[in-house]
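Here's a structure for you.
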Amino acid sequence: MSDLLNTADDNEVIIGTHTLKSRLIVGTGKYASFEQMQECLEISGADVITVAVRRERLVDADGRNILDFIDLDKYTILPNTAGCFSAEDAVRVARLGREILRGLENSGSDWVKLEALGDTKTLLPDPVATLEACKQLVDEGFQVLCYSSDDPILAKRLKDAGAASVMPAGSPIGSGQGILNPNNIKICMEYLKENDPNYPVIVDAGVGTASDVAFAMELGCDGVLLNTAIASADSPHLMADAMKLACQAGRKAFTAGRIPKKLYATASSPVDGTIVK
Amino acid sequence: MSDLLNTADDNEVIIGTHTLKSRLIVGTGKYASFEQMQECLEISGADVITVAVRRERLVDADGRNILDFIDLDKYTILPNTAGCFSAEDAVRVARLGREILRGLENSGSDWVKLEALGDTKTLLPDPVATLEACKQLVDEGFQVLCYSSDDPILAKRLKDAGAASVMPAGSPIGSGQGILNPNNIKICMEYLKENDPNYPVIVDAGVGTASDVAFAMELGCDGVLLNTAIASADSPHLMADAMKLACQAGRKAFTAGRIPKKLYATASSPVDGTIVK
Amino acid sequence: MSDLLNTADDNEVIIGTHTLKSRLIVGTGKYASFEQMQECLEISGADVITVAVRRERLVDADGRNILDFIDLDKYTILPNTAGCFSAEDAVRVARLGREILRGLENSGSDWVKLEALGDTKTLLPDPVATLEACKQLVDEGFQVLCYSSDDPILAKRLKDAGAASVMPAGSPIGSGQGILNPNNIKICMEYLKENDPNYPVIVDAGVGTASDVAFAMELGCDGVLLNTAIASADSPHLMADAMKLACQAGRKAFTAGRIPKKLYATASSPVDGTIVK
Amino acid sequence: MSDLLNTADDNEVIIGTHTLKSRLIVGTGKYASFEQMQECLEISGADVITVAVRRERLVDADGRNILDFIDLDKYTILPNTAGCFSAEDAVRVARLGREILRGLENSGSDWVKLEALGDTKTLLPDPVATLEACKQLVDEGFQVLCYSSDDPILAKRLKDAGAASVMPAGSPIGSGQGILNPNNIKICMEYLKENDPNYPVIVDAGVGTASDVAFAMELGCDGVLLNTAIASADSPHLMADAMKLACQAGRKAFTAGRIPKKLYATASSPVDGTIVK
Amino acid sequence: MSVRYNCSMLSIKLNGESREIPDAWTLAELLKDLQINNRYCAVECNKQLVPREQHSNHVLKADDEIEVVTLVGGG
Amino acid sequence: MSVRYNCSMLSIKLNGESREIPDAWTLAELLKDLQINNRYCAVECNKQLVPREQHSNHVLKADDEIEVVTLVGGG
Amino acid sequence: MSVRYNCSMLSIKLNGESREIPDAWTLAELLKDLQINNRYCAVECNKQLVPREQHSNHVLKADDEIEVVTLVGGG
Amino acid sequence: MSVRYNCSMLSIKLNGESREIPDAWTLAELLKDLQINNRYCAVECNKQLVPREQHSNHVLKADDEIEVVTLVGGG
C-alpha cells in the first residue's frame, strides 16, 4: 500500500545546500520550559529549528542555556536576526549567529533567517532594510532565508538579490490569523517559481492552527515556519503533533490535486438505478 | 514521548452503539475502480464507510459487486438513502439497506445515513422529509445519522426526534467549497452539545481538501464524512492519506486549544537582550 | 444625464399587491426614542416599516404609543409575529396585527412578516413552525413574507406554500455579521426566481453596515430588511442615510453588471505608447 | 432633517493643498468612447480624475484628444506615471504630466499619482522604485500620491519620504477582487494616521463593485480611486452612479459607528409583553 | 382599577393577570374602563380574535382569557 | 431470461420493467432464475420489504411490483 | 511628413522612430510641422523636459531623442 | 565580579554596561573571568566580530564596546 503513496519522498525540501526531511520549521521561543520545548520539537518532527541571538545574561538567572536542550546532531539550527531594525544590525547578528554555530559545529552555520523589522509594535518586516541586508549577507556567503511581507514584487527582488528562500508572512508574527491574502501568496509563488519550480517558498509567521498550515501547503508553499502557534497553545505537545500532521496532510492534498469548487452538488451516489424514479 | 500525546485516545468517537476508531467516514462512490476504492479506503484509515442502495443491474455489466471489494469484518458499512426525495422512499431504502447488511452480518445493520433530498440539481437536504423520515426510522429501531443543512434549529429538532447524530453540510455535496458558514456550525454545536458534550456532530458534504477537514475538526466537530474529495482527486490515494492526517491534525489542534487571533504581533523572540537597543 | 440612469425605475419592487418605492424595509425597534425612530425612518427613505405586536401596557409608562409617531399615509406598516415560537401563536399574532391595521386603515393590513422562531437565545427561525404558519396564513388571505434560514430547499417550500416573499437571514438577528453564506443566498435565488424573475427575495436579519446591504443587493436580492444596524448604531441618523445610499448603490451595481474577478491586473492605462519601452 | 446628517461636510477630503468635494477619484481609461467617459465622470460625482501620459500619436487615428472631453475648470486632473518601471522613468513622466497641466492651467499641475510598477503581468507596484521616485518627486515640489502595496511598513516609509497620500492597493489593478487584506489596510491606517488623523489614505486598485467601495470607506479610508470597475462594467453609467452612492454610504456608515459583530441575536422586537408566554 | 361596583363580579384573565369585572360586561365596556385607545388595539378572547365591530355585543364570561394588544417597535 | 416454460404465465414488474414469469413462482425461484447472489440483495414486493427468510414461501401474484436491490458505491 | 526641403538634413529620433528634419530647426518648428496642438503636449529632448517657453529657441541637433507626449485615459 | 586586582584598570562597555577590567587583558581572559561557556558564545568588539581563535590575542583597550552573545529561543 505504502508504495502508492510516496512517489518521490515528498516531505523533503531543499533550501540552498540543506535538505530538510520535514517541511515544518519550528521556533524555540516562548515555551514554558526548555524541557517542554525539547519535547515539542521532537513531536513536531521538524529537523530545522530557529533560534535568536541575544546578549549572554552574564549573571545567569538559572545557569541553563537553550543549547543544553538541543541535540546538535539531530537539528540543523537556523539562527534569526530577530530584534534588528536595520540592515547593519541584521548583518552583525547574522555573523554572531554563524560564529556560535561554527563553534558548535552545527550544520546551520551557513544560513540565516533574515528578519529586519519595521518596528516593535507589529514586528512586520521592513522591505528596504531586508533587501539591503539580504544583498550584504549573500555577499558574505550566507544562505539567506528572507522573512518578508507577501508583496510579490519585493519577493522577486529578494530572490534576484540571491535569497536562498523567500518566506512571506501569512499574517503578522504571533497574530494567529493564518494566511490573510492567499491571492498574494499565489502571485509570490508565480514569480518565485517561474522557470524554477523547486525554489523554496516558506510561509513564516501568523499561522495559528493546523488548518492554517494545511492551507499554506495546499497553496503550493514548500513549508511552514511557526513558533507561537505551538509554544502558546494550551497544550503545546498536542499542537506540535497537530502541526506535523497538518503539514504532511496539506502537502499530500496539494500533490493529490483537489476537486474544483462549484456552486453546488454532483451526486456521490449514482443517480440512476434508484428505486424511486 | 507518546504518553504526552494521547491523553484519552482522542480519535475514538461514539455514535449510537458504534465506537469508531477513526473520525473520518469515507464514501465508496465515484472511484475509477473497485480496486482503487479499496486501496483509498484502507489508506484513509476509516473504519466506517458509506454505501448507497440501488437496483441490482440483473444483466450485469461486469458481474462484479462492490461487496466483493469490502472486508465486512474490517469495515462497518453505513448505508445511505441517497436518491430519495421523500420520507416514505427514504424509509423504504433504509429497510432494504438494513436487510442486506443483516444478510451480510455486518455491524452496520442497525444504522442508516438518512438523506432525504430537495432535488437532484443541488442535492441539498429537504428539512421536512428528513425530519419526518428520522422520526419513522427511529421508531423502527434505526440509529439515524441525519444529513442536514446547517440550520441550527432543524439540527436541534432532528436530535429531539431521536437522531443518533446530526450531520450538517459544510457546503453542497461535491461542491468542494469546504465549510461555508462556520458561524452556523458553531451554533449547531451549541444546541446539539448543550449538556450533552459527546453528542456526535459530523460535517458531511462539500469538503474539498485537507484544510477543510482540519477546519471542521477545529470547530469541535466529532468527525467528517466525505467521498467526492478523495474519489475525484487527481490522485485519490494521496488525497485519502491527506484526509486521514488532516482529520487527526484538526482534532489535535482543537484539543490542544489554539492561540487567540489578534490584529498583529507578539514577538516570538524575546524583546530584551538585543544588542541593538 | 439622468435619463441614462433610470432605465426602468429600478428602486421599485413588487411584493404581493404592494409596490415598494424603496428596496429598504426598516424596523422600528430599539431606537432611543420615538422621535429618533421617526427621523431615522424618514432619512432611510423606506416606505415599508415593520412593527411588532405586544400586550397593551394598560397602566402606561408614558402614555405614548408608537403609532403617534408613524405617518400612516406615508408608511405601509408590515406587522411581524416576533416573539412567537409556534405556528399557532404566529397565526394568532398575525390576525391581531391585521385587526389593528384594518382599524387604522393602513395599507399594511393584508400582509405579515412571519417569524416563527426556534428559541430566544439565537432567534433563528424554526423551519417547521414557519412552514406550517405560512400555509395557514396564506389560507386566511394574508400575503406572507417569510423570515427564514438560508436553506434553499426550505425557501422553495415556503414559496410553494404561497409565500408572497421569502426573506432568508444573512446572519442571526442583531448579530451584525452581514451575509455569512452568499453561496446559499445564490442557490435560494436560483430556486425562488426559476421562471419567476420578479419573485421578491429580501435579505432580513444580521445586516450590520452599509457594505452588507450593498453586497446583498449585488447578489441580486430584491431588498434588505434591517433594524438593529440603524437603531443601535452610534449615530442612527447617519447609519439610516448610509443604508439608503448603500441599498441604491448595490442595486445599481447589480443592474450595471460588474467586472469579473481575476487573479491579477489588466492595465487601466493603455500599455502601448509609453515613452520608456 | 438634513441638519442631522451633515455634521461637518463629511464628503470633503484634503490631500496636500487640494480639497476634494468627492471621496471618489475616477480614472479615464478603458471607456468605450470619450463621450461615455465624460458622462460616467459626471455621474460619478468625482472632482478629481486621473489620466496617463503617452506619446502623441502624431499621425492621429481620429484626431480627437481626451482633453477635448474634460472640463478643465470642473475637474482637477491627477496625472499618473503608469507604464513606468523605474524611479527615473516615473520622475520623467511626472514632469511631462506637470508640464501639460501647467500649459492647460489645470489645478492638478502640482501633484502626481506615482506608479512605479514591478512588471506588466501583474502591474503590482515596485516598493523600491516607488520609494525612490517618491523622494525625488517630493524634492522637485510635487505633491505625491503613492500607489503602493498594502505593506504597512512601506506605507510608513512613503509618508516619511513626504508623500501627500499613500494609496494602498485593495487587490491588483483591474482584478476586481476588492479588499483582499483588510487587516493590512487597518495596520496601514494605524501607522499613517498615528497623531495625524487627517492624513489621507486612499484605496487604489482592485475595487470591483459598490460593496467593495463601501467596505473600504468603512475601514476608515479617506477615499477610493478606481477605473476598471466603472469603465468595464456592462453599463458604466449605472456603475458610476453606484460607486458614487457606495462611497457616500460607506463613509456615513464609518462615521455613524456600526453595531458590533456577535455570534447570534439580540431581539429587535422587545422580548417582554408577548401574548404567548 | 379600583373595584367600586355594587353588582356581582366575575373574574377574568386580562393580559395574563386575573382581574375582577362586573358581571355581564361587554368587551367595549371593559376597554372603556381601561381608557384604552380603541383605534390602536386589537382584542382576543380565549385565543380567538374579537373584531372591533363585535366589542360592544361580546359579553364576557368567567375565566375568559382576554388579550389586548397594540403595535410596538419591532424588526 | 429466455421464456421457456409450458405453464400459464403472469406478468409482474421487476425493477421497473414488466416481465413474464411462470404462475405461482415464489420470490426464491425468481431470484434463482435471475442467478442473483442472494446474499448481496434485498427484495421489496409492492413497496414492502420481504425478509430473506420468507423468499421461498412468498408466492408472486400478477402485477406485483418487485424491487431487487444491492449495495453500490455512495457518499 | 513628406520630405521637401532643399537644405541639409539631420536625423533625430521622434517618439522612438528616426526622422529626417531640416538642419537647425527649433522644437517649435518641428511641432508646427507635425501640426500638433501645442497646448495638449509636453516635449522631452534627451530625457530632459523642454518647457513650452523654450520650444522656439531650442535648436535640434543630430541624434536628439525627442519625446512628444500628451494626456490619455488612465487609471 | 568583585574587583581584586592590584594593577592599573581600564573601563570598557560589556553588553551595554560599563565595567572595570585589568589593563591589557585579552578577550579570552575576560571571558574566563566571566565564567562564560565559550562554546555557546560569540563576541563582538566595537561592532566587529572577534572570531573564537583570536580571543586569546585580542587585547582590550579603554572604551572598547564588547558584546557577548549566545543563542536563545526564537521564532
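All chains are identified by letter, namely A, B, C, D, E, F, G and H, in their written order; residue positions are counted from 1 within each chain.
We take it that a residue touches a chain if its C-beta (ideal position, glycine included) is under 8 Å from a C-beta of that chain, and two chains touch if they have at least 3 such contacts.
Remember, predicted model here, so these are calculated numbers, not experimental data.
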In this assembly, which chains make contact with chain B and also with chain F?
A
Starting at chain C, what is the smallest number of hops through touching chains needed to reach chain H?
2
Dup interface of B-F (contact pairs over half shared, numbering-based), picked from D-E, A-H or B-H, is A-H
Max Cα-centre separation from chain D goes to chain F
Sort out for me whether B-H or A-H is joined by the greater number of C-beta contact pairs.
A-H
Roughly how far is chain E from chain G, going centre to centre by Cα mean, in whole Å?
96
CA centroid of chain C to CA centroid of chain D, Å
32
How many angstrom lie between the centres of chain B and chain C, each centre taken as the mean Cα position?
35
Taking each chain's mean CA coordinate, chain A and chain E are separated, in whole Å, by 74
Among the residues of chain H, pick out those that touch two or more other chains and give their numbers.
15, 44, 67, 69, 72-75
Would you pick out the residues of chain B that each touch at least 2 other chains?
27, 29-30, 52-55, 80, 82, 92-93, 96, 122, 124, 172-175, 177, 183, 187, 205, 227-228, 263-264, 267-270, 273, 275
I'd like to see which chains touch which, written out pair by pair.
A-B, A-C, A-D, A-F, A-H, B-C, B-D, B-F, B-H, C-D, C-E, C-G, D-E, D-G
Complex contacts: residues of chain G adjacent to chain D:
14-16, 34, 36-42, 44, 47, 49, 51-52, 67-75
Residue positions on chain B within touch of chain F in the complex are 27-31, 37, 50-56, 58, 65-67, 77, 79-80, 82, 92-93, 95-97, 99-100, 102-104, 173-174, 205, 225-228
Chain C to chain G touching residues, read off their complex:
267-270, 273, 275
Residue positions on chain D within touch of chain A in the complex are 118-119, 122, 124-128, 131, 149, 151-154, 156-157, 171-172, 175, 177, 180-181, 183-184, 187
Going by the contact rule at the top, pick out the chain B residues touching chain A in the complex.
1, 4-5, 27, 29-30, 39, 42-43, 52-55, 57, 80, 82-86, 89, 92-93, 96, 120-124, 172-177, 205, 208-215, 217-218, 227-229, 231-239, 241-246, 248-253, 255-271, 273-277
